[in-house]
Amino acid sequence: MIIGRVYGSVVSTHKLDGLVGYKFMQVQCIENGALVDKFLTAVDGVGAGIGEDVIITTGSGARKALGKDDAPVDAVIVGILDTKQC
Amino acid sequence: MIIGRVYGSVVSTHKLDGLVGYKFMQVQCIENGALVDKFLTAVDGVGAGIGEDVIITTGSGARKALGKDDAPVDAVIVGILDTKQC
Amino acid sequence: MIIGRVYGSVVSTHKLDGLVGYKFMQVQCIENGALVDKFLTAVDGVGAGIGEDVIITTGSGARKALGKDDAPVDAVIVGILDTKQC
Amino acid sequence: MIIGRVYGSVVSTHKLDGLVGYKFMQVQCIENGALVDKFLTAVDGVGAGIGEDVIITTGSGARKALGKDDAPVDAVIVGILDTKQC
Amino acid sequence: MIIGRVYGSVVSTHKLDGLVGYKFMQVQCIENGALVDKFLTAVDGVGAGIGEDVIITTGSGARKALGKDDAPVDAVIVGILDTKQC
């Protein structure tokens, strides 16, 4: 799993039907208690907001997170951390 | 998911039957609002054009994007972003 | 598989139901007998403690480790090493 | 997908039965029209030769490329590019 | 697939039941005929010994290599190369 901080989102009106209703959050990775120069975009699965530290599941596990085996995704925010990591 | 900008395409006449009809787009990754030195090739799933910023799903989720569980692909453009990222 | 040392854990109260009961351990990777500047977070599958050297399975194999094909995870600690690696 | 140039092959007589008959090609990656310092080995799915530029599918999609869901592979050459990339 | 040289092994007595009987080999990657600063741990599927150059399958293909769809692994040595790579 990846730990990171949500810093923004992107909007795509023209997208596959299987993605309708999902919010794409931009996340900066946190490693060893510090923000690092790694970034990814993940579907929000838990109502995460900008500035929150989250945990992300990637790969086929991301589809499991959404409960939709046909969702064309590869990264989903699956939890919000109780404590800021930095 | 990966955010990037389409900058070209490649053509392969001699390819597996399962790839016939797909267009292979070349994408430069965008991280934190800037084009970075990372590149990938993805099947176009949404009619993306050169210069557009897109969102890409990789791994087994790419096959879900095409709606073909047997497609021999690992990256598909699944949406066009409404706003240029840089 | 990845070899690493457990150095902490993170808590997420607000998470997907499919993650309830799992403990998220923070691991620093070990390569060639030395701790390196790579970090990941993995669900604990074996009762690993801080300071222990562990082996981690990533990707779809992580779900196999938990014996739950629908678990939204991508990394699980599957064993504790008998000998410290460094 | 990965774009690259075939520069060699490796032979393994002592291998799993599920790999018998496959040819393992060594590929140097091409990014943005230049050979880069990244390398991988992929099963040949299209009769690619040394010096040709190819497209490679990785992960579970590689098994789809071979049409064998039990093939123990993770990268397959799925097409030969019509035009040299550099 | 990854090409590398076996340089050691690790032992884990306290591990998941699904891993009993497997040997975990430490491998240094070989790229373009030279050992590089990349390392991984893989289950031995072919009886590889220290010093031998091997080919490794990662991801879900690793489970196919072991012929056990529920094995919690993500990397397996699937062949021994006939010729040393460096």
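We just call them A, B, C, D and E in the order they show up, numbering each chain from 1.
Quick note on the criterion: a contact is a pair of C-beta atoms (placed from the backbone, for glycine too) under 8 Å apart; a residue touches a chain by one contact, two chains touch by 3 or more.
The model shown is predicted, which means the values in this text are computed figures rather than measured ones.
Both copies, chain A and chain B, contribute mostly unmatched positions to the interface they share, with under half of the numbers common to the two.
Separating the CA-averaged centres of chain B and chain C is a span of 31 Å.
Centre-to-centre separation of chain A and chain C, using mean CA positions: 19 Å. Shown for chain B are the residues in touch with two or more other chains, namely 59-60, 62.
Chain contacts in this assembly form a single closed ring in which each chain touches exactly two others. Listing the chains around the ring, anchored at chain A and oriented toward chain C, produces A, C, E, D, B. Listing the residues of chain E that touch chain D in their complex gives 1-3, 31-32, 45-46, 55, 57-62, 64-65, 76, 78-83, 85. For chain D in complex with chain E, the residues that touch the partner chain are 7, 10-16, 18-19, 24, 26, 28, 38-43, 59-60, 62-63, 69-75.
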